[in-house]
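See the structures that follow.
Shared between the two complexes below is subunit A, which has subunit B as its partner in the first and subunit C in the second.
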Partner chain A sequence: MTVRSLLGLVALNLFALGVGAGLLWGLRGWRSWWELARLAGLAYMLGVAAIGVALTLVLVVGIPFSFATIVLVGIALAAAGLGVGVRLGRPRPLLGPGPRRIGLAGAALAALVIVYLEALFRAARLSGLYAFDAWSFWVPKAKAIYFFGGLDEQFFSELPNATYPPLVPALEATAFHFMGSPDVVTLHVQFWFLLAGFVAAVVGLLATRVPPVLLWSFALLALVSPRVVGRTLEPQADFTLDYLFGLAALLVALWLLERQPWQLASATLFLGATMLTKREGQLLAACVIAAALAASWRGWRSAWPRLGLASACAVAVALPWRVWYVSHDLTGEFPTSGVTGLLDNLDRARPSLQSVLSSAFDAGLWTVVLPLVIAAIVLAFIAGARTLPVYAALVYGLALAGFTWAIWSFTELEVPIEQDEAINPVVRLTASLVILSVALAPLLLDAAWRGTDRAARTEKA
Partner chain B sequence: MRRLAAWLVLAAAALGYPLVVFGFAGAPAFPSRSDCVLSPTGEGEYQVVFGYRDSELEAQGLRDHVLAVGFQGTEIARDGCGRVRVAVDDVPSREVGEEVIRQARTVDLDPTLEQEG
Partner chain C sequence: MERDRRNAASGAFGLDVSSFVVWPLGIARLGVVLCTAVALGYGLVYFVKAVDRLGDTARTNAAQNFDDREFAGGNALVVANRPLYEARALIPEDETYRVVTGPAVQGATELTASFIDHYARYFLMPRRPAPDARWVICYGCDPASLGDGFEILLEDEAGILVGRLAG
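What follows is the complex of A and B.
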């Protein structure tokens, strides 16, 4: 690892922030520079998602993957956002009022999160490539893209999980280009940036909506979960998927409450990126949309066409990769039992559910995050909120059911799954719900406190 | 005043932790390739290292030469610092290792003795 690699990653992530700021300007705009500072995390994650999606399409189409391609793609995305912003007449930002008062307790919790992230950066800087899936196929795929300038069909077909989407390998190959070499040690710092970006995005989105103590305490609780501490820096797709899913689900929740078009548009980009990150991203995206459809049934005439359009756009973004791997005879995407084979394996249903629940509620991995979320959902519902608790309960419930189906239908997996957490596939799945809790739990508790899920202050774009 | 205190807490944490680390642990270290070379100082097993190469192909060439002149058991392995090591592992003592080195020098090889990691 070298100073040059670190500076390269700083440049890459500033580039992603710039691209995302351009997109956010087009989607939402901002009235003041303080507002942009608050939403910088969201802008950064939008930039990461957009660059990841666009570079995946670049790979599928067969455009040579080079430093110039990456820069041109980023500039095109930012320019598109700025163009839309100008066309929609977004106002010129002012300095505006300063940040909202945070309070001493909130500041103390935020300080702990900041120190945690700083400590994690120190660990990321010198992490070796030891995670099995990372050295087995995620990083080799990234190296192949970096060295060969594209998707090498033969190489990909010989690696495990050939049909896994290439968004994360494309981002890793982008990091290699910015670092100037395939530095697999410093690469871990890129995953630190993604974690920090996710936390900043959630905080930025919720800072005007929920009390700082609720916001920062849940962020801290999820961040110090043993599994998050131990695995979040690994250069593989699991936690990246969780961040993208968490932001998509949060933005859809905010849209259900406030109906700002930019919220659904941003969520659509995150849903597309989720589907291009790992195959279970499709399941998670479907859970978000299904939950949103159910939670908005009272206003279905207005909500459902918009949700349908968002779903169609997300699927359209994810489709070219599926076309690519099918046309190149790569297999392994779907369950071994087939879509209708579940009935032949009824004996697997109960142990599959048991595996999912024991993993999701394992305090040794996730402390008490999910029990607290369930309590928050119940309290919000009892207090009189409806849309938010129904949506949250459905997202969590459908996701747990979906994970059960996945374990049940992949018959090569022995059930119940009791492997070590390092290689346990269910633990990877349930992580998404814990990361989602960073975003949804503060909203739910705030709704429970105020007795309604209408925000105290809605955010006009 | 309370508003200022909150921001001071944040600033103190953000700046305090790196300063404390800097004060106790010194400037950040940037490991070099030599960090994967362990001097033969402690207990345990040793290895006689015939050289390091940047690629496995180059290392195989050196290994084949070393094997051809009689040093059986010579193998190649990644050293964890981006290079490939050509070495005889599991050397039980420093004396045995130095004897292997003496013999290697008679056939124009220049190995070194390292502690096994």
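What follows is the complex of A and C.
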């Protein structure tokens, strides 16, 4: 809780932005510095995802986790991006034309989001570590990495939820190194950076595609939902997972519409990071891929091999962690009823579905985000769009079905789940769909307005 | 209507209210306007609540002292802060410790006995917990059960002891 810690976090997040900018130049390139400024949020989140994935691999391989390791990994990632950019002949960026004007209403809504983020920062600045899961295992895992320079066998086998992937603990340990101490109070500010980065990434990606009023009104609606306000700063993996999943799903949606290779490549990195953040990340990643396969069935010869390759890369990134915990005899990844043991517990199906739906549509937690998304999907269909509403309907539908399966098959959970939202596992799951809505709802409503899901202005890399 | 569709497809976002009753695009556009209005309405109402709530949280956080902020969630179960602070000061970072619980802690909550070892593991790291550790944090335990040679280095009024076994 010192100025040094805050400056350390600023340095870490600038470092992530630099790494991500290098990667984005390799994956996509940019024609002007204004374009980079618009995509700075995406670059930052790419940097976070890439650093998180790479440091997870560092931990699994057993390379000592130190400040030098973190810096070298970041430099290597940025250099790889720059190398690819040079190899692909990316042009040198110019100053270029200024940003699009967003109009009075858009500017007012953007100002409200900025005011909200400022208020959230003040709440984060001196927040104690209250969240049970955070002090019970997420932060202890991060401290173990920080103090012992790796996946300490004792702590990583004794701490609860031993099979949970270590991407978030690795990022937290990175923050400790940049802060110079395991400052669990200032650590909350890191999660503020992640939220701000996610919002900036979505705004950067959609600013040229959808009207500012649509974009900012849905960003504001999701951000001020009571659950987001109350929980987004907690130093645990739930909302980080949601940001990574949201960006992966958005980039896949854009790829389905525009077929720019960088969109799928970036989505692949986010999908890999999603799978390394929490175990339900695998379920969410599978939903995105399955929805994309179905939404692209008309052009399957071109789309499916690419989606298959993206899936294979994401799985390959997540696999080493699984090898590590299996080789260390850690268990608890799979449901207690077994993957196929649902038929023995048929009586749990209906209350499981009821738990998921009541949580997802709880206005006290999420206001009206999901009802509006359903309306947006229907309106896009009515107006004549097809690819985007099919994709969105399937992502949301499959995810809700997947959450139901999870609750149904983890038989130690009493159903229907009616716990307080602080400890309710279904609420954590459904948050991902609310965060995704920040990105997909404006796209869907724009498609409904224009009567097509073809982009008005396709972005050329 | 067709001109509207062309304009819209090109990215124009003008409001032609008269087209809102035309099926299907006009109805869809009416729906877009309504959805946006609902999002804006809820967003503005909840924005005020959110900023108010976050202001309260920031004020509460700022008013706390260093100990309360550092213990945070642990305040619900540690009973007193001093024993764990003393344990952190006394136990060298490369030594092990164990937490032994018992019924004799005054002011214990229902969470204390179940979770104090979890919290100590988080709070005392890099010190490692071990079942045979020389250093003992006794949360209402019977010191006699620890064996001979238990040297008490801190005794808290709530019945919490920090000490070490000889050898």
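As a convention for this text, the second predicted complex is superposed on the first by the 461 of 461 C-alpha atoms of A that agree within 3 Å, B and C clash if a C-alpha of one lies under 4 Å from a C-alpha of the other, contacts with A are read in each partner's own complex, and residues count from 1 in each chain.
Here is the rule we use: contacts are C-beta pairs under 8 Å (C-beta built on N, C-alpha and C of every residue); 3 or more make two chains touch, one makes a residue touch a chain.
Fair warning: this is a prediction, and the values are worked out from it, not measured in the lab.
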item	value
Subunit C versus subunit B on the shared subunit A, clash or fit after superposition	clash
Which of subunit B and subunit C A:376 touches, first, second, both or neither	second
Subunit B versus subunit C as contact partner of A:323, first or second or both or neither	neither
Partner chain in contact with A:102 - subunit B first, subunit C second, else both or neither	first
A:368 touches, of subunit B and subunit C: first, second, both or neither?	second
First (subunit B), second (subunit C), both or neither touched by A:423	neither
Touching partner for A:312 - first (subunit B), second (subunit C), both, neither	neither
Touching partner for A:217 - first (subunit B), second (subunit C), both, neither	second
Touched partner set for A:2, first subunit B, second subunit C, both or neither	first
Per-residue contact with subunit A, leading partner among subunit C and subunit B	C
Which of subunit B and subunit C A:112 touches, first, second, both or neither	both
Steric overlap of subunit C with subunit B in the superposed model, located at which of 9-17, 27-35, 81-89 or 135-143	81-89
Subunit C-contacting residues of subunit A that also contact subunit B	1, 112, 115, 119, 122, 125-126, 128
Complex interface listing, subunit A residues touching subunit B	1-3, 101-104, 106-108, 110-112, 114-115, 118-119, 122, 125-126, 128
Subunit A-facing residues of subunit B, complex	2-3, 5-7, 9-10, 12-14, 17-18, 21, 28, 30-31, 80
Residues of subunit C that touch subunit A when the two form their complex	5, 8-11, 13, 24-25, 27-29, 31-32, 35-36, 38-40, 42-44, 46-47, 49-51, 53-55, 57-58, 61-62, 64, 66, 68-74, 115, 118-119, 121-122, 125-126, 128-129
Touching residues on subunit A, where the partner in the complex is subunit C	1, 109, 112, 115-116, 119-120, 122-123, 125-132, 134-136, 139-140, 143-144, 147-148, 154-155, 158-160, 182, 184-185, 211, 213-214, 217-218, 220-221, 223-226, 229-230, 367-368, 372, 375-376, 378-380, 382-384, 441, 445, 448-452, 454, 456-457
